[in-house]
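To keep things simple, chains are lettered A, B and C as they appear, and every chain counts its residues starting from 1.
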């Protein structure tokens, strides 16, 4: 089966920098398959957002190619089809909402695609329901919280019925509650609707929810593996100036003290279960 | 500062006025404005007030809100009315030095006062009962014939509705920047005029930078949602003229005719 | 005597209208000279409203703001000069930058104070150094810097006034880990050098746990908790019920406690949690 997203030998730099400047994307070969949940981590300026903007033709490669379900993003004729396949949600929720009414905002993409009013209404209701915001249909987005606004932005993308949603640091301006709400929705879209998720983030606890983590640095993918493995590459994380999740640091310290903790621990719950098991085992063998 | 912008903003509802097609409301507002200017006699003035009362009831907007919309221009109205009171000739009722008040002047001034208040109050009803998007698409449809002349009607209406959408966001931003500069010792209300103008640079420049940044991000966001101009766009709620729109038009035309009739009936003034 | 003290502050937005919102109810808190205090609470708890009272941007409906023993609102025309002593850094402070060079932008605050050119230059360099940027930045265009650098330039603009109290609202919001570390290093540097009191506002415990001595928790416009960091974390369940995010280490301890084990939950760093967990696991050896 061919991949949903496929980049081949992808290089990019902005035109006016073309002389001796370094590449912002420096040879990226990547395949992402239908239904995956991929987190992309890396320091600022590593090229994460630039990569994201290549996935639906907002930027075009300087060299190499990007294929979305076999469609080349450089093919202008395919642009609408590509953007319906790969949707994007950005950092600042305020700068993505275009209407003074939630319902009309979510309708924006289907309207642009020239759909029938009955079909638009169906999609709007479905998309708002999928992000738990159906009750706010007739509200003004201006009065909503950051997390709610961002869920409306997701609904606005969902209304195109995309195969994949790219979240470009879409949680970074939210408070913990808003973040948790958005993450809950994103996980649900992935599990229940099989929508492929690409999550660009600085938060390790969000990346821990993914099934695959890409570490990027200086325009390259330096690691591509399951979070259980990536999070224990302490030296690499530190070199990329990323945070080591507290749970991982805790597990490593306890292991140094001779506590035998089983392998994949990246979530708080896993850590609690492992500690309970160790204690009960010791208690039992005494 | 943000609070001032709530005057004249859409109040969601299901009143008769809310349910009219925005095109109907735009045209009727235009008709109403002409009607107000044609109101000449005492009888038609009373009729006009009666109409305003009916419209407010039909819109189910609290009268308090309607008059809040009028409040900012009351000084202008009063000055205009006063000028009329003193400068219109007629039977002199009272005079002192070069000032004199005539019966005709008093009447003209009073009429003007009532007409201007009615005008603003009436116009505020359309903004209270019509969402900005509906207003923009109503305008787009009314101006649709201009598309033949390659006039970018739908793009303009899109620009208009996005501008309106961002006004409160930018107003909030303005408040924040003012506070931040005040925290660095900015003063806006003292000094010479030149200094006062200069004091606003640290506020206006960041506001512009922010507006540009937002515009840039917004461009990406609407491109991601397949926007490419008005060509081939459909609407979630296409505008449809219904029976109540025709009824409203007939009512307005009848009222308009009544004003003309009341004007022509011989009255003391 | 406290350096700055808020006494029984009440504040209401748009009083007498349909939008009336009682944002602060009888809030009292004090900050001593040189102290660092964390002010936490979720969105809408009143944090942003409260900090605007510290430097007189908002006037309380009732209650007093006392700075160095003087009631701020007794002499409202002196408030501007007090703003130079109580530096307030808002959320996303890079939005206040307006000059075309870093040096000129940092000079805005000191110039408003009427400071002479020579001292001005010294202050600009000092505060730039404090936020970890060298003098080569002085002539650079702030709008061409990275997000993290712009943030630090904006904070340097407040530090250049040499405030005795520095209040920061979510200074790390939206920064990557590297930018966040650089920022907190800068704040530590300023505290050490100037001995200023710092009030750090956040909704994340993780960010402020190792920076402050004392924590004030706001909930729905009132002070819910006020005390040393460890004593606040000892009530971790309460923090969770208020809707606050707690560090993962604390979550692990809280999870074990919920399973019926006797563990203390006041640890908030990995080291503290490790100690408590080792004790917890060793305990099993001697029932």
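Note that a residue touches a chain if its C-beta (ideal position, glycine included) is under 8 Å from a C-beta of that chain, and two chains touch if they have at least 3 such contacts.
Since we're looking at a predicted model, the values are computed, not measured.
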| item | value |
| --- | --- |
| Pair sharing more residue contacts (C-beta pairs) when A-C is set against B-C | A-C |
| Most distant chain from chain C, judged by the mean position of its C-alpha atoms | B |
| Centre-to-centre distance between chain C and chain B (centres being mean Cα positions), rounded to whole Å | 44 |
| Between chain C and chain A, distance of the C-alpha-averaged centres to the nearest whole Å | 30 |
| Of all residues in chain A, the ones touching two or more other chains | 91 |
| Residue numbers on chain A that touch chain B, as the complex places them | 53, 56, 58, 80, 83-84, 87-88, 90-92, 94-101, 103-104, 107-117, 120-121, 124, 138, 142, 153, 156-157, 160 |
| Of all residues in chain C, those that touch chain A in their complex | 42-43, 146-148, 173-179, 181, 203-204, 206, 243-245, 247-249, 251-252, 255-256, 259, 261, 270-271, 273-274, 277-278, 280-281, 284-285, 287 |
| Chain A to chain C touching residues, read off their complex | 43-45, 91, 145-146, 169, 172-173, 175-178, 202, 205, 241-243, 245-247, 249-250, 253-254, 257, 259, 268-269, 271-272, 275-276, 278-280, 282-283, 286 |
| Residue ranges of chain B touching chain C (in the complex, touch as defined) | 3, 173, 176-177, 179-187, 201-203, 205-206, 209-210 |
| List of chain B residues in touch with chain A within their complex | 10, 12, 131-133, 161-162, 164-165, 168-169, 213-214, 217-218, 220-228, 232-238 |
